[in-house]
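Should a chain be cited, it is by its letter among A, B and C, assigned in written order, with residues numbered from 1 in that chain.
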Amino acid sequence: MKREVPLFITGAIGLFMILSFFVPHHWVSVPADFLQACAVIVVAFGYVLGGANVLRVNLEGISRRERGWGYKIVLVVSLLGTVAIGIADGLRHNGSFPVEGTPSKWIYDNLYATMSGTMFALLAFFIASAAFRAFRIRTFDAGLLAVAALIVMLGRVPVGDVATSWLPEWLRLGTLQQWIMDVPQNASKRAILIGAALGVMATGLRVILGIERSYLGGED
Amino acid sequence: MTLHPSHDPGIWVGAALTLCIFSFLYRDNPFYKFAEHLFVGVSAGYLIILSYWTVIDSNLVQPLGLAFHGTGTKTANAGMWAASQGDYRGWLLVPAVFGVLLFTRLLPKIGWMSRLALALIIGVYAGIKTTGFAQGDFVAQVQASLQPLWKAGDPAFGINAIVFTVGLITSLLFFFFSREHKGALGVASRVGIGFLMVGFGAGYGYTVMSRISLLIGRLQFLLENWLGLR
Amino acid sequence: MWLATWLSNLDRRWLFLVMGVLVLEPLLFPLSLPLRVTPPVHGFAAAIDSVPAGSTVLMSCDYDPASIPELVPMTRTAFRHLLSRRCKIVITCLWSGGPGLVDSVTSEVAREFPDRRYGVDWVNLGYKSGNEAVMVLMGQGIRNVFPRDFRGNAVATLPIMRSVRDYTSFPLLVNISAGYPGTKEWVQQVQARFHLPMVAGVTAVSAPEFYPYLQSHQLRGMLGGMAGAAEYEVARGEKGTASKGMDAQSLGHLFVALCIVVGNVVSFLQRRRS
């Protein structure tokens, strides 16, 4: 029953959601609407669970004095601090969160937003390093990839058009870049889109029909 | 060009953390590790508290509170179970119970009960995604592919349409693995690989643009918001 | 040959330094390279221009601070474009890291229009978890999903929401998105199911995969990355952060292209020697 009941729930709800796409009658649309509202709420609980799990894992690491446990204290303190301040701010503003001028908004603007942006900005340096050390053209196909990459990279920015402004319009990097995006690139992406759509439809049906059960995890 | 450093302590904290993270480019160091762990802690804490106030409190706790008093958002209906579309009153106990069941994952002995909540989520999304991909991606894209291959007076249109159609069909044939890629299928598959490589190259070019944009954004913050260079 | 050997053993931190200097220099001393507006950007601007003045538009800003340089300029210019056409705007956010940022950006732009009032001319409904489920739910009733807006007001009491029921209340969806959930999901769940006309502003890393949607007219127009944002600013006659960053973008791209070419030349020479 520990596996059969969840499988039945998945199948019944999944089939009902597919049915709601075709049947506009309120006997179908209202329960479907309710199920979606349930999913929105349960997913939010899931995010809270995810955060709680981060806390649990790092507390275990601190108690076992794992390597870098001092930094884990920083993580735990900042997590609990953000939650505590968020609870206080939310209670003070009747559930509105985050409100301009509150400590929570300060944390969001000056800690979260700043560090989030900078973490991803590091990638610019690594992409240059990888282009120099790892991008190797050893086959015809790799050469096609490289040529397309160079044309698109240079054609998408003003320097490409400026450098080729002496050429006829149809030969300039900007025009070539636009043609690559509109025709060959578009064709390949559409093929991937159609293939992926077939795959998702097949996987969705496998999950609903209980053939795909990996999401259940565990042994019992 | 003159310097007008910010007087906002928050901007100075942000700039300091930005430089701590950039220090990783020289080598891994305690400043970077500190900023990294601070970021993970703040992100996780922010996600928890935002999920609570914007969804759990707004869409569950407050409506349930009204339901226990026999009212809801549609005031014409009276009673805890007098639900209508969008105003589910006491029936919201269902997602409340499923949401709490999710937390049993943290307790090994009763962890299997979280599967019920997962089953709800998986069922809803499997259904939504199957129909979404079917109509939005499969049907619409196949329909858009059935285009005329020639337009009178516009040879460029015809050439582009033919190249596009050849590229689409050969790329699709590359993903057909039920037969060995030999003979005509092998040739078509090789042509398809060429188109796919051009697509990946274009994707790489755009990825480079995206990454460099992020660096530009951070440098603009340091120069304009922090140092006030004008 | 010694150059090839030296380059092949080059510490990558020198590459980091050169990249940093090349991106920093145009920000301090602009090159003012000319920008050309491409057809997808024209389509984006034209779609907003075709919205009847005074109608209510849905704008979903699905991103977080990691995408500020690419997507905030698009949000600013699109929001300003809509306000200048006297449109009312209903804003939603499906990324948890986004609502605070989106509220700051839109509030800043709204201050340029002193006669526009929050709750009357525009509203930020805030964030909801649930990805596609939220999109489909909104098709049955926007207020059911968002009982309160980002600022804690009851949505039913806001004047702008009196005429908003579901997707039929909007002539256009303007989606600014950084990934999942985002443009792809809006196309699948809303444009395909509810036939709501749509335009999108996306990060450069995801832009190539949406060209099929442009060609099939599921998207009426698209802004791709900082270049798309800069072109939109040029099309609107503005000089924003995206336009200012394009010179740095140009030098950065040149450097990466050079790295690819030089790296392969060095590798080829070394293979030939061995």
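Following the convention adopted for this analysis, contacts are C-beta pairs under 8 Å (C-beta built on N, C-alpha and C of every residue); 3 or more make two chains touch, one makes a residue touch a chain.
The shown structure was predicted, so the numbers you read here are calculated from the model rather than taken from an experiment.
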item: Chain contact topology (line, ring, star, complete or other); value: complete
item: Identity of the chain that, by mean CA position, is farthest from chain B; value: C
item: Pair with more cross-chain C-beta pairs in contact, given A-B and B-C; value: A-B
item: Whole-Å separation of chain centres (CA-atom averages), chain A against chain C; value: 16
item: Centre-to-centre distance between chain B and chain A (centres being mean Cα positions), rounded to whole Å; value: 4
item: Separation of mean Cα positions, chain C and chain B [Å, integer]; value: 13
item: Chain C residues counted as touching two or more neighbouring chains; value: 16, 19-20, 23, 66, 68-69, 96-97, 99, 128-131, 133, 136, 140, 144-145, 148, 193, 208-209, 212, 215, 227, 249, 252-253, 256
item: Residues of chain B engaged with two or more neighbouring chains; value: 25, 43, 46-47, 50-51, 54-55, 58-59, 62, 85-86, 124-125, 128-129, 131, 133, 137, 141, 199, 202-203, 206-209, 211-212, 214-215, 217-218
item: Multi-chain contact residues (two or more partners), chain A; value: 21, 29, 33, 36-37, 39-40, 43-44, 47, 95-96, 98, 108-109, 112-114, 116-117, 119-120, 124-125, 127, 131, 146, 149-150, 153, 156-157, 181-182, 185-186, 189-190, 192-193
item: Residues of chain C touching chain A in the complex; value: 10, 12, 15-16, 18-20, 23, 33-36, 38-39, 64-66, 68-69, 96-97, 99-101, 103-104, 128-131, 133-134, 136-137, 140, 144-145, 148, 150-152, 193, 208-209, 211-212, 215, 227, 246-247, 249-257, 259-264, 267
item: Of chain A, residues touching chain C in the complex; value: 21, 29, 33, 36-37, 39-40, 43-44, 47, 93-96, 98-100, 105, 108-109, 112-114, 116-117, 119-120, 124-125, 127-129, 131-133, 135-137, 146, 149-150, 153-154, 156-159, 161-162, 174, 178, 181-182, 185-186, 189-190, 192-193
item: In the complex, chain B residues that touch chain C; value: 1, 25-26, 43, 46-47, 50-51, 54-55, 58-59, 62-63, 73, 85-87, 124-125, 128-129, 131-133, 135-137, 140-141, 143-144, 199, 202-203, 206-220, 223, 229
item: Residue ranges of chain C touching chain B (in the complex, touch as defined); value: 13, 16, 19-20, 23-24, 27-28, 66-70, 96-97, 99, 126-133, 136, 140-141, 143-145, 147-148, 156, 185, 187-189, 191-193, 203-205, 207-209, 212, 215-218, 224-227, 241, 244-245, 248-249, 252-253, 256
item: Footprint of chain A on chain B - complex, ascending; value: 10-11, 13-15, 17-18, 21-22, 24-25, 33-60, 62, 83-86, 88, 91-92, 94-96, 98-100, 102-103, 105-106, 111-112, 115-131, 133-134, 137-138, 141-142, 145, 160, 163-168, 171-172, 174-175, 192-209, 211-212, 214-215, 217-218, 221
